[in-house]
Amino acid sequence: MIEGKSLVNPGKFLGAIGEYEKANVVIVGLPMDYTVSFKAGSRFGPASIRQASYGLECYSVYLDRRLEDKKYYDLGDLVLPYGNVEKSLDLISKTTENILKSGKKGIFLGGEHLVTYGILKEYLKKYGDNLVILHFDAHTDLREEFFGEPYSHATVMKRVWDIANGAKMYSFGIRSGEKEEFEFAKKNIHMFLYDVVEPLKKLINDIKDYPIYISLDIDVIDPAFAPGTGTPEPGGITIKEALEVIHILKDLNVVGMDLVEVSPSHDIAGITSILAAKIIRESILSFF
Amino acid sequence: MIEGKSLVNPGKFLGAIGEYEKANVVIVGLPMDYTVSFKAGSRFGPASIRQASYGLECYSVYLDRRLEDKKYYDLGDLVLPYGNVEKSLDLISKTTENILKSGKKGIFLGGEHLVTYGILKEYLKKYGDNLVILHFDAHTDLREEFFGEPYSHATVMKRVWDIANGAKMYSFGIRSGEKEEFEFAKKNIHMFLYDVVEPLKKLINDIKDYPIYISLDIDVIDPAFAPGTGTPEPGGITIKEALEVIHILKDLNVVGMDLVEVSPSHDIAGITSILAAKIIRESILSFF
Amino acid sequence: MIEGKSLVNPGKFLGAIGEYEKANVVIVGLPMDYTVSFKAGSRFGPASIRQASYGLECYSVYLDRRLEDKKYYDLGDLVLPYGNVEKSLDLISKTTENILKSGKKGIFLGGEHLVTYGILKEYLKKYGDNLVILHFDAHTDLREEFFGEPYSHATVMKRVWDIANGAKMYSFGIRSGEKEEFEFAKKNIHMFLYDVVEPLKKLINDIKDYPIYISLDIDVIDPAFAPGTGTPEPGGITIKEALEVIHILKDLNVVGMDLVEVSPSHDIAGITSILAAKIIRESILSFF
Amino acid sequence: MIEGKSLVNPGKFLGAIGEYEKANVVIVGLPMDYTVSFKAGSRFGPASIRQASYGLECYSVYLDRRLEDKKYYDLGDLVLPYGNVEKSLDLISKTTENILKSGKKGIFLGGEHLVTYGILKEYLKKYGDNLVILHFDAHTDLREEFFGEPYSHATVMKRVWDIANGAKMYSFGIRSGEKEEFEFAKKNIHMFLYDVVEPLKKLINDIKDYPIYISLDIDVIDPAFAPGTGTPEPGGITIKEALEVIHILKDLNVVGMDLVEVSPSHDIAGITSILAAKIIRESILSFF
Amino acid sequence: MIEGKSLVNPGKFLGAIGEYEKANVVIVGLPMDYTVSFKAGSRFGPASIRQASYGLECYSVYLDRRLEDKKYYDLGDLVLPYGNVEKSLDLISKTTENILKSGKKGIFLGGEHLVTYGILKEYLKKYGDNLVILHFDAHTDLREEFFGEPYSHATVMKRVWDIANGAKMYSFGIRSGEKEEFEFAKKNIHMFLYDVVEPLKKLINDIKDYPIYISLDIDVIDPAFAPGTGTPEPGGITIKEALEVIHILKDLNVVGMDLVEVSPSHDIAGITSILAAKIIRESILSFF
Amino acid sequence: MIEGKSLVNPGKFLGAIGEYEKANVVIVGLPMDYTVSFKAGSRFGPASIRQASYGLECYSVYLDRRLEDKKYYDLGDLVLPYGNVEKSLDLISKTTENILKSGKKGIFLGGEHLVTYGILKEYLKKYGDNLVILHFDAHTDLREEFFGEPYSHATVMKRVWDIANGAKMYSFGIRSGEKEEFEFAKKNIHMFLYDVVEPLKKLINDIKDYPIYISLDIDVIDPAFAPGTGTPEPGGITIKEALEVIHILKDLNVVGMDLVEVSPSHDIAGITSILAAKIIRESILSFF
């Protein structure tokens, strides 16, 4: 354990070996899942996704594109104060601000879903209500509070809505939540139950001229395909559908993306981390 | 190990915290899988399903219903004599009899599939040939005997047929068995291979006026979605199909149900137990 | 997930089936490990220890005593606000206060080690500098802060010292920490490196007339014997030594005890939970 | 470890208990994955598939056929020199030659995919450009060399092409490879991306009069269904599709088959081995 | 699943490849753990021990002896009627009888501990009260009945005592049981708590002229060393002590031996099966 | 997969963040275990040990020293041609040569034990028969060939002896091998069976003036403490003994060291990797 640093380097994502200055996309790990200092859940997600990426090819036959033709850089993982939600979100916001100021796009690897709040705070500052937020998840994440706490992975999309100021939010693949959350969703955001591909296809024309942010909770995918996550919810989409989502967004103006809730210590045979790494590769090739 | 008791309480299913008297549905665990007194297979199924249920919401967006509006109670697990099949089945029958006498409906958590025989003995006494038995399984379970034994998880549906006296039996999703079993099935029961949703939809009109009992062996679902079971059989249905089965039966007169063969020590990341807990929640909301 | 309750009941420890009022020892689970709401680490420790206890005998041949002759009760698990350290410690303190007020002794099942601070706050109020604190751990836990946070599982014994006001603290089995922590220890507390049995035997005469509180971090035991913990540290004591510690304290005036950092999702074949359950059984029989 | 033998017998596949002379199909295990002498990956594939086969029925309801009516024999596993690729391929070729000389057909259980080269060398000698090679895989396996090596599981289909001399090669389900491999494939072989069932159905008329060899890399199936393999690649086919492939080929002139890359130490709950055993059973019943 | 046979052959123990007739020691697997037909606990013990044996050397440096110089044969596993305790014990007795009649010695691989009763019934017939029974176990196994059943793995040594008629029984390493069992033991058998090596050394002179039978429950060894068992009991002996036991008995007149309760599906990294295989190898070399 | 590079950087060992030029100790990973390109055994050892190191403190209370006071650098992992033993050993030798030329000492993380041959070739060139080789292992590794191959993890110490030219070799903790190997050992090297601490203590005076190379196969430690290895051999030393070995060598002239055969995919709860990381930390602090 080395304190007093702002970033650690647990390897780099497949091929992310250029220079920071020349990159227009920046990968950063957000190992937030709090207060237990080792061996907890999604904290090790980013390191595990990077490790898994080494088993992948650099070429995607789906897109006929190669990582070698992309300029992206891997910053490593932020060093966050274990168990202090507020300071952690501040550090995440500050990092996001720096990435955005330098004109780059961010790929954020969680960590728990609450990190999305720290990220989107800055994206909303920059893009205002122009920003389109695409949220893929098994859960609504729209609670006002969770066990009394306003900042939680179960409230994150509600917290985002609080500061969204009219930026459009679309949720896909949702299949779990409390009644009140669904009622809130009906009035205030666009929510598509169970499915992701068909609703996204219909939407694509409406959003194609806007800057897009993607928040992808790995649990939108069925536990059979992605068991390595904290709150597996049976009945999710297949990995083929998840890949199709990435491919539908091909060449759109995606300005940022997070992939959260990968928890390698609950994974089996590493298949969730490999899947996450493949989604990131396809994302870089599809729209970054 | 505490002998000399008839029930133990390894927690209660999500929300099953009311009073026994006011409940019209009763959950009971049947930890039968015999002679090894600890750490065997499906014996720990009921406890594991309960534990997994705490991670679920009380609300189902599929049905727009909430557990808070249902009256159900969790009795805990029966204490059974390890390795004594006969006495165990007797105790299961006695418990079933008590539940039925008090006008309640039962949700039985296995345990191995043989428990269904002990349960249905009493249901058939009460409902006679009026009862419709819906059996979801990868295996026929129709052998006359198994390694010389007449009472076995591989013979259970044949033993049920022996006492069914004309009550209608429908098997769904079957994909494994001996030739003789399929020949018996052709003549004596209604068996649908591989699939569950389409045959059930066609059947629904014929059975909607009868009391229905559901016996759901978790291995009807593909091992990718439900690896935590004793005899995984590749080529099964998806969890989406399993949930659709529960939803097709919405508001029908289901008078009892078992969910058997969940074996947590063979599970991975707990996904089979979570799946089982979700099926039970949806069942309570759909037809109990 | 059921919010708005103060206690949940995930089963009861082996034989803890009497009445609260008649008990003089109370078991309570403190599922604190924060912000991830399901499937994290030590949060599931208490439930797993209870489940494992059912495989044990009620009789200890080591002590020739039986649980049937003891009066203890299992309150279940506290419901804590995920990710809010302060409120959680308050709730833990309040529960401890209630137990102490009613003249009972507490057995606290963690959860992370920080819970000990919430507990000892009340014990120190009641017993003042008369209290002897025996701390068994691989780690010093004496940092002033950890990644900037004053309240953490890595600072807990320093926080306890801050309020100990001269109550004697003894640490055993320590083999990991920063240099500054060991320097602090040398001046302010009694710390025994690596070993537990010999130093405790020498000490026993000095403490036998005082009220004793035991804080046992499961990682004092070597990871070979107790792999199911968040920060395994190779080179620990054996389970035989751990049991001997409990037996050395036979019939002393132990007024409270915690057993923390059991993390079942990192365990293998359940051996850490079984071990924890055995330690609790022996503790009840030895000095409660 | 017993050196100096050419075959070891780690059990026999379900029902493979007749005499070698009377069999017209021969199963042989090729435990090649090199230089680590114990506990590596696919080396234990054959033994694990055999063990898993005992849990299956001898009857297939898909085909209404029984193993009892087939004449097949299980030779056991070849003893190969760990880490010597060349000698191992020679031994595999020699064994294949013997099987073919005696007029029998071979079912080869890998081991890594490179074994296919040793096998097909002999099949191509016997059948010349008449042979139709059906290759099911997630990966192209068409590299010229891999980390400088010409003989590797990543180059195997290119090595086969080098000696195929016009024998037709069809690849199915491919979803991963380098750009150059796909360009090579376009010019020289028939490659179908992602899918297996539809392209095979269209092809069936063209190949039905030729001797067919099947090379099935288990990773063509999605990791959710077959996690126990060395290089899981998300986005594969389902087990239902894999079984349909076997059934489409019913009664065709299949003269040999390999099933490779099953790696039991990365499997979960044995589901990949059970799946492989079921594929072998269906293959014996469908076309051998 | 192949019914109607009396023995199946899931491989042979390391080097057990000679002829039955020439062997003076016979290995046989007793896969009894009942009613679940696949994937339960100790049923797969024998197959797993054999598989693990292939990773061992044939030479023991402890004893400076080689398997090549011993004549032993591996019969395979008995086919037992799942869930029928009585018939299974009969079959085990019959097999034992055959082995003894032919003047050979038996090595019996469990399966659950109850198999010992079926075996010793025949040994006691042959050797009468001359037989010395050495029992290594964590548990007394001396109950009169267990959950109402007289024949159980928890009653087995009591059942043996019932028919022992004065044959001497010695139990070693015991650390768990009910008070009544220890009281019975004090009066009727020789029981040594916790330890094995010292008591055995003291005893060796008294028993060296008698025929000896060894019943070794793998759980006598601590779960850290042997986690793959049904009822792990912390505080056991080390593997070094277990090996020393085998070596102390060098060249004594051991006429039979069982090694029971190895449960591979609860094992980790196969270490329990490897350990069991090593104990069997050392036993063959030490006293068979 | 990125070919055409000589080194990859899967993170750096705890605190190894200085400059290469200033370091006097260099860590390098040798991911050799061949032909399977992903997910095999010890190939992932180095990456896993580094990852585990982040959970350790920088301070050792055993030695009262801190990593901050040491100058060491982590080169990352060599990129080796899968399955080509000869080229790989050449690359390892070349890297070793470079390290030695620059006057630095090497810490080599395996990978399989055969890497030691490539390393020692260069050390023996530099130090000649002055070099003292301390070899800690469960296995002799002294075969002339293994399954016909002269270069193998089972022959490595014999290959080293072939080029040692009188440099002294000491083997410790050995408990497995063929008879011929032990006979060879008796005549040609110094071999201590089972134990490490006592023989090393006796030896220390004789070797204290020589340059020392340490080859530590993790399987010298018992599988209970270090299950994550390819050929676990029960009956090994404890982790306390392993640490004592490192501490006995304090401040001696150790010029190089390897730690081999850590196989994370067979590990449980990461305890073997954590253990390996702790041994490396203690080694840096003790004698580098």
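Just so it is clear, A, B, C, D, E and F label the chains in written order, and each chain counts residues from 1 on its own.
Criterion: a residue touches a chain if its C-beta (ideal position, glycine included) is under 8 Å from a C-beta of that chain, and two chains touch if they have at least 3 such contacts.
Chain by chain, the UniProt names read as follows: A, B, C, D, E, F = Agmatinase.
These numbers come from a predicted model, not from an experiment.
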item: Pair joined by more contacting C-beta pairs (D-F or A-B); value: D-F
item: Interface numbering overlap (same over half, different under half) for subunit B and subunit E; value: same
item: Interface copy of A-D among B-E, C-F or D-F, judged by whether over half of the contact pairs recur; value: C-F
item: Angle of rotation relating subunit A to subunit E [CA atoms, steps of 5 degrees]; value: 180
item: For subunit A paired with subunit F, centre-to-centre distance based on mean C-alpha positions, whole Å; value: 40
item: Per-residue multi-chain contacts in subunit A, two or more chains; value: 37-39, 55-58, 222, 224-225, 231-232, 266, 268, 270
item: All pairs of touching chains, each written as two labels joined by a dash; value: A-B, A-C, A-D, A-F, B-C, B-D, B-E, C-E, C-F, D-E, D-F, E-F
item: Contact footprint of subunit C on subunit A as seen in their complex; value: 3, 33-42, 79-85, 87, 112, 114, 146-149, 151-154, 230-232, 263, 265-266
item: Residue numbers on subunit D that touch subunit B, as the complex places them; value: 55-59, 61-62, 64, 66, 222, 224-225, 239-240, 243, 268-271, 274-275, 278
item: Subunit E-facing residues of subunit D, complex; value: 1-2, 8-12, 14-15, 37-39, 47, 51, 54-58, 270
item: Subunit A - residues contacting subunit B, complex; value: 174-179, 182, 193, 222-225, 227-228, 231-235, 266-268
